[in-house]
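Chain naming follows the written order as A, B, C and D, and within any one chain the residues start at number 1.
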Amino acid sequence: MTTTSATPEWAQLTMSPDECARERSRFRRHALKPIIGFLGPFLFLWTLFLAVPMGWATWLSFNEGGLVSDAKFVGFKNWTTFLNNDELRTAIKNTSVYVVVAITVVFGLGLILAALLNNNKKSQNFFKVALYFPLLIPPIMAGMIFFFLTHYDMGVINLLLQTAGQDRVNFLGANPNALMTIAGLEVWRGLGFWVLFYLAGLQSVPTDLIDAGKIDGARNTRRFLRISLPTLRPLMLFALVIALIFNFQLFDSVQALTKGGPTLGTTSIVWFIYKQLFTFQQSGVAYATSLALLLLVVALTIFAYGFLGHRKDGLK
Amino acid sequence: MAEVIIRQLTKSFGENTVVKSVSLKVADGEFLVLLGPSGCGKSTILRLIAGLEEATSGEILINGKIVNFVSPVNRNAAFVFQNYALYPHMSVRKNIAFPLATAGMPKPAIDEAVQDAARILELSDLLERLPSQLSGGQRQRVALARAIVRKPAVFLMDEPLSNLDAQLRQQTRLELMDLHRRLGITTIYVTHDQIEAMTMGQRIAILKDGELQQVAPPLEAYDQPANIFVARFMGAPPMNLIPVSVSGSEPTWSATTQGGSIDFDLKSVGITQAAIGAHMSESLQIGIRPEHLSLGAVGTGLSGKVRFIEPTGSDTFVTVQVGEKNVVVRCGVNETAKIGESVGLAVNPAKMHLFSADGWNLRTK
Amino acid sequence: MKVLADGDGQDLIALERRSSSLRSAKSAASYAVLVLFTIISVGPALYIISPAFRDSKSLFSYPPQWLPSEFFLGNFQFLLTQTNYVRWAMNTLIFATGVTLIALVIDTLAGYAFARMQFPLKKTLFGLILATLMVPTAAVLAPTYLLVRFLDDWTFGLVGIDTFPGLILPMTVSPLGVFMMRQFIETLPPGLYEAARIDGASEWRIFTRIVLPLMKPAIVVLGIFVFMLQWANLLWPLVATTKDETRVLTVGISTLQGQFVTNWGVIAAATLMTLVPITVVFLFFQKWFVQASVAGALKQ
Amino acid sequence: MLGFMAASVMVLGACGGTDSDDAATDDTAASDTGSSDTGSSDTGSSDKPFEGVTLKFGKAPHGEDEKDNWNKWLGEFTEQTGIKVELTQVPWDQLEALYTANFASDEPYDVTYQTSAHLTLFGEQGSFEDLTGRIAGEDFAVDRPNFPDGVINASVYNGKLYGLPFVVGTTAMFVNKDMFTSAGVNIPSSGDELIKAAKAIMKDQKAKGNKDVWGFYVPRTVADYGWYWNLSDVHNRNGDFLSADGKTATMDSDAVKGAAQYAADLICKEKVQPENGLYNREAAIELFKAGKLAMIQDEPSRVKTFKDEGLPFEWDIAMPVGYQGKATQFATTGHWTISAKSKNADAAWEFVKWLSSAEFNSTYNQRYGFVPARLDADASGGDEMLARNASWVAVWDGLRTSPKVNQLLDPYGQALEAAASCKTSVDDAFAKAQKQAAEILAG
């Protein structure tokens, strides 16, 4: 660089590196102060009520007992026990099938209904409330309602089938019907939330993009697929991660409807954990499984963001 | 009123260094334009001065005081954002008043200051509106009003006109210059538009890849570009570059290319004998602006075939293929040429530049 | 398009008419789909209305009885006189509201810190917090319970079993909330925040004056989400409370189920009575949901 | 064990629930009177040594009106003793979760109600006080003879009595007498007879145009505790799922497999019971009430509800049938426990004594329909059916228990469910269960 070879006097640095470093750290310390106020309350409660219990649970995963009885250190025994457990393998398989089915259906239906609602401004509010309604019903009661709904003699589905001259369906006593019934219950409960979620997303698609699409003569469906959907991508990725996390915790409806049966057809990972922890009092195995589930979902989340998302959307 | 000095300023984001040891001195009351293509680090320099980013190394002085470790508000610099950054939930009045209210100024004083700023920027009728109810130009003026209401020592503007349409942009450009003339506040203005830079800046600082290329008044930067980058970036259509081999000795030198040769003497192109001696063996390029070429009969200077003719109304640009290079010539509207015709190109050697292989202008002042 | 080429006015009008009837057919179809899903959403709940108004300990009767033959209010009367239903409902409201309010405060504050502030180990800390998002509730139930027992002594009984702080505080920590809030704050134009800094606002002032007003939609969405989650929460309130003074609806209703005999009419009535207040709350907030939907309009 | 039971309950049968002191007292364990020095006060005496003490009491309800009843009962107790009792109602579905957290803390419930499975599950973890000493104490000397040794001993694990037996469960077969009369068959007394009767009734009802009638129902799924209903037939075949010392699993024994095979045959081969999953326990009860089921095995606590509701046909209860006509009773037992960490153990013992009193036991069971564990309580309240039910305790055989009992019953229940689903053979299902059980017992 011929022109910058000589530094003029006004451009000479006057602060020594030491002085600079001192000032910098003073400045940064000062800037850190408000962080305590912002992060403090959450961090305090998080440490107390999540990190500490989690740490405790981690410790207990290397012990036998430790809750009701005294803890006895057993090393990795619980970790090898649960890995060899047939029921857990079934639970992982069931949970995975359930997660894929539930997410696919709920996302597909959610998007379609959101798109329909978006074009149907008039009675939007009514439909929104109606679709959200099932989520207001606590899971135990939702389980009960589904029990009525799928009843062999009284369930509306079987009554309709009977009227149509078809054979009735054994919803909860056969596989994979039972798992699909559970998925149906969860989809029924969750659909409204995702419809509203996507509707909010669709309505935040910049209108100039939509207008541009209209001028280009894009038809409704095409406009939806080519313009709205791609802009929803980051939102969907976020939704996917949330849905993964929540659906991997499938438990309530299993407890309410099937207790894991028939023949382990609806046993889920968290149901397995619950059984080990409380019914069998095998806290070590339960905690080891919980931590493994956590690692699995973390891995899936990273995968989802790494493969499906841009870096920009990623968990920075 | 303040002088701004930046010394060997460097900024890295992780491994990526976006500002590389830039030194710059902006005089009190000056209007300096930071010009460069997007990603050259010009906005980052502005943000470093404002205190929105922390410098990796180097010093920033405002009014003789090192402000590296001073919070933005205490630097007394106002910032105008490219997308205005108006608070969408506040009325125009509240937007303009926000910095004053933050400073704890009493309400009557705020009202007065807001009225003043609104009058200067002709916003008096719009004070109760929300930003979403304003046009682009009006939003721009609100952003300016919010900046001037604090009576800052330095104005920092980050491409403030880029979101306006062409006509409004030109009008606002004039208003901004007028504002600067009236208030006399030191202004650092970032843009990638060379027309804006040429028309507004008292001096232009041209940046490329985080490095300062040249700091000069607009016409000097145009006439005496420090290197190929500046030469090509300033002016439209850009300066023609033709690879040449230089031979000869005092007093006559000639630059030879496929389409002919140009004779010149060192004095008229402002190159020392030592400079040309050191670079003679390299593959050099001559640079010549379209307006310094003229069409003539074949045999004078360079020659080639006419490829395109683009009349713009005031000028006609004729593209001539010389060897393998396309050379653009600015002609008067009355000059005629036909596509495919062989023509000669006359070069004004005094306006010619000679660039070394690494792109620097061999011309010395 | 052939029709257009003919330039025949009659045909043009016909085309227009056809396309408008096509459009209305389409909108009728989409309406039908929405109505169908409304029936699917709301319909099953009707299964509890009939038994709630029937004097029967049965789930159903043969043949199916869809409408109660007489309007029986005994189930409701039982709930209101022989159980602490009203108390449970109040407690649920206190619990869910308490959790929601505290969670909103700490989540927005922390979300702001993670979205907008720089501090050492930020990424690591955020990663850790996110990891705890995936902990099954059942797994930390017992440790959390023991912790609250422990806090009972240390806070002189302020935070303990059978106290509202003890019931509420452990549930306020939701990594998901922080995640959502951080995501939302990151979608706000950074210029706003920077402009405010230039204008001399402190972090607190930026948060309260600039960020918070713009976060209304996100706050409503998160608020409804947290409220719903806690409204349906069973396991934690179950272990954290022993008396009706602090017990919530879900727990109370679970205790109505005997080991061998369950009075389904009472359960159905309880479910119905639980649905009514929450639906009212939801209807009240749903206009905010509409606002949440137009969140995009704020993005410049 | 069965011998003890039979002997002691003979007495009960003979005296028809009146207060009799005939029961053998010489069998009581060597008394250890030193352990309860403060407990000499009688309930109802004028001095109230525990006045002002508050006890925490956890109980899962047997009916939706229990809370209301307890308010009344506990008020009476407080009046008598000055001891306050705070009741926590524990939902059955989340019982283990609640107790796990509670027993892990320093201040668990002082007194709880526990079924046999949970008694050892938590007892072996040190949650409950061993009551051996207390029941041998002076203050219990009057009551002790009323508890048959067989009932007490059934609750002892590893020499420790973690809870004082309160109720003994039984199961009953509810029969639709109209259907039997119509088909001209008798109420069966053996497994084979049951199949024949069921088939005859189904055929008869079909001929009369009553469609979709089933002969028999008993839960065979894990969700409805299939093992619970199946174990009596295992006992009828002189076997069990666990060895007497609790150390060896015997899931692949002929008795277990035979009982499971019979259960599966009713559904898969004889088709007298609806396929698994079509009706769960509650739904099957509705089926019975609707006159679409001839026989259903369930808890005798239904007797009172059926009578209250008034079923539209003649019905009765009968002893559940067994293999080759041999019929034993099986169900779990309910106990009162005192927490090992209780700070008011003596007051808690006062409360347990009151709960176990003949008066309270009679009051409670006349409402909820169990068989009292003590001989001098009258649970039938003059009801002939309940009295008959109480007499079945003569052939009662309880649950082989172990701290791992829940874990062991899981593979048993799973195997039974698999066999009853008609897709897996009994041999395969129980070979797998045996393997799993062996692994559980090993470590």
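Criterion: contacts are C-beta pairs under 8 Å (C-beta built on N, C-alpha and C of every residue); 3 or more make two chains touch, one makes a residue touch a chain.
Keep in mind the model is a prediction, meaning the values are calculated, not measured.
Under the touch definition stated at the top, chain B and chain D share these contacting partners: A, C.
The chains that touch both chain A and chain C are B, D.
Counted by C-beta pairs in contact, the busier of A-B and B-C is B-C. The most distant chain from chain A is B, comparing centres defined as mean Cα coordinates.
Legend note: the chain whose CA centroid lies nearest the centroid of all displayed protein CA atoms is A.
Here the CA centre of chain A is 50 Å from the CA centre of chain B. Between chain B and chain C the centroid-to-centroid distance comes to 54 Å (mean Cα coordinates, whole Å). Chain C and chain D have centres, each the mean of its CA atoms, that are 41 Å apart. Within chain D, residues 93, 97, 100-101, 104, 283 each touch two or more of the remaining chains. Under the contact definition stated at the top, the residues of chain A that touch 2 or more other chains are 67, 140, 151, 153, 274, 277-278. Annotation, chain-chain contacts: A-B, A-C, A-D, B-C, C-D (touch as defined at the top). Chain C makes touch with chain A in their complex at residues 27, 30-31, 33-34, 37-38, 40-45, 47-48, 59-60, 62, 64, 105-107, 109-110, 112-114, 117-119, 123, 125-140, 142-144, 146-147, 169-170, 172-173, 175-176, 178, 183, 202-204, 207, 217, 221, 225, 228, 231-232, 234, 249-250, 253-254, 267, 271, 274-275, 278-279, 282-283, 286-287, 289-290, 292-297, 299.
Partner chain C is touched in their complex by these residues of chain A: 31-32, 34-35, 37-39, 41-43, 45-46, 48-54, 56-57, 60, 67, 109, 112-113, 116-117, 119-120, 123, 125, 127-141, 144-146, 148-149, 151, 153-154, 156, 159, 188, 191-193, 196, 199-200, 203-206, 238, 242, 245, 248-249, 251, 270, 273-274, 277-278, 283, 286-287, 290, 293-294, 297-298, 301, 315-316. Considering their complex, residues 93, 96-97, 100-101, 103-104, 121-122, 125-127, 212, 221-223, 275-280, 283, 403-404, 406-407, 410, 414, 417-418, 421, 423-424, 436 of chain D touch chain A.
Those residues of chain A that touch chain B in the shared complex are 1-4, 7-8, 10-15, 20, 23-24, 26-27. Residues of chain A that touch chain D in their complex: 65, 67-70, 86, 140, 147, 151-153, 170-174, 178, 255, 258-264, 274-275, 277-282.
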